[in-house]
Amino acid sequence: MRPSGRAPDEMRAITIETGFTKHAEGSCLISFGDTRVLCTASVEERIPPWLRGKGSGWVTGEYSMLPRATHTRGSREAARGKQSGRTQEIQRLIGRSLRAVCDLEKLGERQITLDCDVLQADGGTRTASISGAWVALRLAVDSLMKSGDLKQDPITAKIAAISCGIHQGTPVLDLDYDEDSNADADANFVLIEGGQIAEVQATAEGATYDEEGLLRLLRLSQMGCAEIFKAQEAAVQ
Amino acid sequence: MRPSGRAPDEMRAITIETGFTKHAEGSCLISFGDTRVLCTASVEERIPPWLRGKGSGWVTGEYSMLPRATHTRGSREAARGKQSGRTQEIQRLIGRSLRAVCDLEKLGERQITLDCDVLQADGGTRTASISGAWVALRLAVDSLMKSGDLKQDPITAKIAAISCGIHQGTPVLDLDYDEDSNADADANFVLIEGGQIAEVQATAEGATYDEEGLLRLLRLSQMGCAEIFKAQEAAVQ
Amino acid sequence: MRPSGRAPDEMRAITIETGFTKHAEGSCLISFGDTRVLCTASVEERIPPWLRGKGSGWVTGEYSMLPRATHTRGSREAARGKQSGRTQEIQRLIGRSLRAVCDLEKLGERQITLDCDVLQADGGTRTASISGAWVALRLAVDSLMKSGDLKQDPITAKIAAISCGIHQGTPVLDLDYDEDSNADADANFVLIEGGQIAEVQATAEGATYDEEGLLRLLRLSQMGCAEIFKAQEAAVQ
Amino acid sequence: MRPSGRAPDEMRAITIETGFTKHAEGSCLISFGDTRVLCTASVEERIPPWLRGKGSGWVTGEYSMLPRATHTRGSREAARGKQSGRTQEIQRLIGRSLRAVCDLEKLGERQITLDCDVLQADGGTRTASISGAWVALRLAVDSLMKSGDLKQDPITAKIAAISCGIHQGTPVLDLDYDEDSNADADANFVLIEGGQIAEVQATAEGATYDEEGLLRLLRLSQMGCAEIFKAQEAAVQ
Amino acid sequence: MRPSGRAPDEMRAITIETGFTKHAEGSCLISFGDTRVLCTASVEERIPPWLRGKGSGWVTGEYSMLPRATHTRGSREAARGKQSGRTQEIQRLIGRSLRAVCDLEKLGERQITLDCDVLQADGGTRTASISGAWVALRLAVDSLMKSGDLKQDPITAKIAAISCGIHQGTPVLDLDYDEDSNADADANFVLIEGGQIAEVQATAEGATYDEEGLLRLLRLSQMGCAEIFKAQEAAVQ
Amino acid sequence: MRPSGRAPDEMRAITIETGFTKHAEGSCLISFGDTRVLCTASVEERIPPWLRGKGSGWVTGEYSMLPRATHTRGSREAARGKQSGRTQEIQRLIGRSLRAVCDLEKLGERQITLDCDVLQADGGTRTASISGAWVALRLAVDSLMKSGDLKQDPITAKIAAISCGIHQGTPVLDLDYDEDSNADADANFVLIEGGQIAEVQATAEGATYDEEGLLRLLRLSQMGCAEIFKAQEAAVQ
């Protein structure tokens, strides 16, 4: 029995509220149950120095948790003067994932930054960030195409991410905080609509798992992402 | 004529949505027109080292803007590795203001941190932060009193803040971003319900002002804060 | 009765020793009683990147206290690796104040940095810094005009600053450290010769004040600044 | 055909030189072809603050590349003043992996730090680090047991790591730098002797892969780790 | 012929103004010609953590140049967020030198910090700092003995420092900035009254020197320090 | 009797293994007994900004100790976020020393960075670094001359460094860690083949020394460097 009372392959409710902020070229507030992340896409007509003159654009991600997004208050990274290893790991993952579905040459010499700020955390903040960042990116690209700044669509597919884990011996989908704290293994999958895998990060915590276990988690994640792709589709219509 | 079309003494619409996040002991999303700030109050049963053994608690503030709260994306302070002078100035002001209406001895040996994170900016973020922080603080203290952790109410009064300025020669109330960028003088007033002044920060930009000008701004701010006190009262009922 | 034995509207002795250092284009050691600040004006034929090509110059301020300027030794900001919020707040104030009396276009594409280093502190270091920085700036501009590098005088007026406060119910002028530590309210005024206000920063500490109190402090500050303007005039002759 | 001329499932030569430095409680220089990493295990009779009084020890990892370990010189992280996101990601992985085969309660209230310093890089530095760190840890624990400081062996199994990738459509084992730069997908597997998986990090670069591809990479990694386990066994005899 | 017109073994005028600041337990403004350094000694009844319980005190030094102490303005180390290698080298030298004439056990469990802040620089700032720091230290110790906090004098001798160099083939004493910029070799000697050497730092710049050259510089420094010892003696009477 | 059992003027065994890493233009692993330093020379076709357009190249040094090079593990400077004063002092010394035997104009507009990373420490790491850095530099320059990138040899002479000290009253050569910890005085000499002195850094620790003592240390260092020059010659043949 899961602490949440959900079936092993049952996701939390997903909501995506687009246009949550008015300045960003694309934005949404994505929720997976009580996990809520504000994702914005900012278009800038400049590229990183090492890309200059190569006829290519860039897509990158940044991630942060508000200090009181969590059960107990965490210190503010800006006040500590550096980003934690965890934050850096997650924002590298967000950027890499979104670039996996972007034709950077078609984007032209511009940069799109996907800011994922966690307003409330209840497990799965990095996967919600990736799933919401795609929506913000899609909206920003739509606006560039509408205005004629972009002629061709650089986005090649939808991308979504979900966490799975082994909880008391059972593979389960979309862990919330209580489940995550007690899971024997924890995996994040980033999947592309159509069946391809963009990224797997699977970690044993306490227990370990074998090939069979990895496959079962992968299949759960495919079910979960199918649901997210639908929510993304509805949001960007 | 103000760019916003408002009368000189007309405030923007104020909304205060309490309980915006579930983990904080007190929280609200406060809006002054398009300026939206998430304010949370976090109670911790510890105090800064320099207060230990003095029988007193502490109230402090932190402030940040999300990178894309603004028209163009700003860099993330956590990524730059330090907080700007502006950020530090504002968070010192938030803490000082809230302490002005708090009896720290009655609070007991605990700390309440008021995090003010600007989700969307359109002028007046520091004054919205102070006004919303009071609501979050009030809710957190109410919860401490309900649970019996606090016997006496340490909050002595309401406090609110508002900006005023001189725009094309006319003193106006509650500047939005467009007005603020073109104002000749800019002042922030932090007022306590009942008529006392907690803080005045008035700066000439381009033009200067005289004693008469300062008084007219102060009186506008008194009108504005009266309106905010009403909104605070409604929010915490 | 003030701890210093002064009348409520009595300033401490002001001395301004110009040319205190030989390398700076303008310099003075300004004293308000035991508060002593070394102010230097450095002219550089470059401007900040964001001003390039706009036909305008820049005036900025920096502020620091020597570690043992105070009763007990404070740690060195360079050793701690960052400037405190207080330091940043003060140096932003110094720059803003001096720019209020400077026509930056007449200054041409050059930068003048006003370094205010407190050698000994006894209250009022920020206001002494502003008052002394004007003298250093005036001397540096005089030297630019003498050499023909500047054709028109960019300085539009004198500017000075003074602190006032409410001490045991009485508004008093030019607080020293002992008075400042026990004041109920503390205000810094930056005034322009001729009656205009450049900046007001008034903070209640413990007690608060009302409109009447603010006005009385403002009037004291006008008396104090009149005295400082005279000392500045004598110094730059 | 692989750039290295190796068969798809062919590893580079592995050498492990134990006792490479004299001060560390355990140390080795591990080489996978031209990739050479100095791994040391340092035992300290103290634990991180958050573990105090819990009757448990700690195992952690640190990772660095010498500036000229690579084809072109990289800047020194100590000189830049911060560790890159990549460095932090790798050292978190090293610590997590080694803890997966350590019974921290049996270790007692002490910390073992595994320093992995890359002297020369030619692809696969993080996996060589994990494989070598196990040897250093084993030697340090052996010495603690010999001296009687440890009664029970806290190490539960061998752990090793290897990279695999898809190179021009073919899954290949143990990528060197040239292969890694051109791989379509890149995966690092951390495996425990006996068949369990401790960690999978698989990233599509350019191309993506499906379930079948992930499985083929996993099986290659099992072959590679079998070879590493033999080399580890020989080294610690 | 020296740029300064001085004879090869001629020092600049030395002045030592004691009691330059009122808060420090000992202080002086020391001048060697146009080089002026404010030296303060601060007594604190605490010691560094690594000395606790060893029955010994500590003497340490800190050094800084005001931004406009020099011909052209240097950036402020506190603003840059770190102390330069040069600054750290000098402050380590100051602390080491003063400890060479201090019996730390007799000092008791207290720390004396010698702050050397260069108000104006014209060559030889580190040697002036050491020479002035001794005076500040002597005055602070005198005050501790007078108050009865110290029973035995921990200072064992006078210490002074001077720079020498080879200028156009001629060994010269007490280099000013112009001479220093063109010297072929530059040496700083820290000498103890009575003939002992505490520290030699001799660097060839452009040219090099031989054993004979080193000896000639050492002898010049002995002449220079004799003069400084006299000035120190006069100052502390 | 020396703790090491060596005669007062007896060096430890010196070995220099060239080509220790394959990417650097020049490299060696130099050992003085148990002190082992990896020295690499990296050639880059760029120069520091302040040298641009002056027709001159640059030679600079960087230094680091691996965390467990020493008896007890030291913290990693990259993790602490800054280099210690000691590290900066040493790397400034390495760069200055190598520049003393380099004609920077002949080097052309390129930079050579000498990275000295201490793999194992047993006293004398800075002097081993300088002695080994010369070998790496020589090899890198040889390779530039062979490829025709350099026409003229910019290296003017050999340079080497050695430490000496006074141990229980006796001047001794090439201190190891045990001797260094108990020496009364400690001196590092950087000498140029042919008899010239590039740098002397002599510090009294506990005891002091006189002119005679300094001379005896200098003469020991001349004996030691003669031996190093031979080892360097053999290594670069």
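Things to note:
When the chains are written out, they are named A, B, C, D, E and F in that same order, and each has its own residue count from 1.
FYI, contacts are C-beta pairs under 8 Å (C-beta built on N, C-alpha and C of every residue); 3 or more make two chains touch, one makes a residue touch a chain.
This is a predicted model, so every value here is computed, not measured.
Each step here moves to a touching chain, and the least such steps from chain D to chain E number 2.
Common partners of chain B and chain E, by the touch rule above, are C. Seen from the C-alpha centroid of chain E, the farthest chain centroid is that of A. For the pair chain C and chain E, the distance between C-alpha centroids works out to 33 Å. Annotation: 28 Å between the Cα-based centres of chain E and chain F. Multi-chain contact residues, meaning those touching two or more other chains, occur in chain C at positions 81-82. If each chain is drawn as a node and touching chains are joined, the picture is one closed loop, every chain linked to exactly two others.
Ring order of the chains (start chain A, then chain B) is A, B, C, E, F, D. Residues 21-24, 27, 34, 38, 40, 42, 44, 62, 64, 66-73, 76-79, 81-83, 87, 113, 115, 117, 119-121 of chain E touch chain C in their complex. Those residues of chain F whose C-beta lies close enough to touch chain E in the complex are 82, 85-86, 88-89, 91-92, 96, 100, 187, 192, 195-204, 208-211, 213-215, 218.
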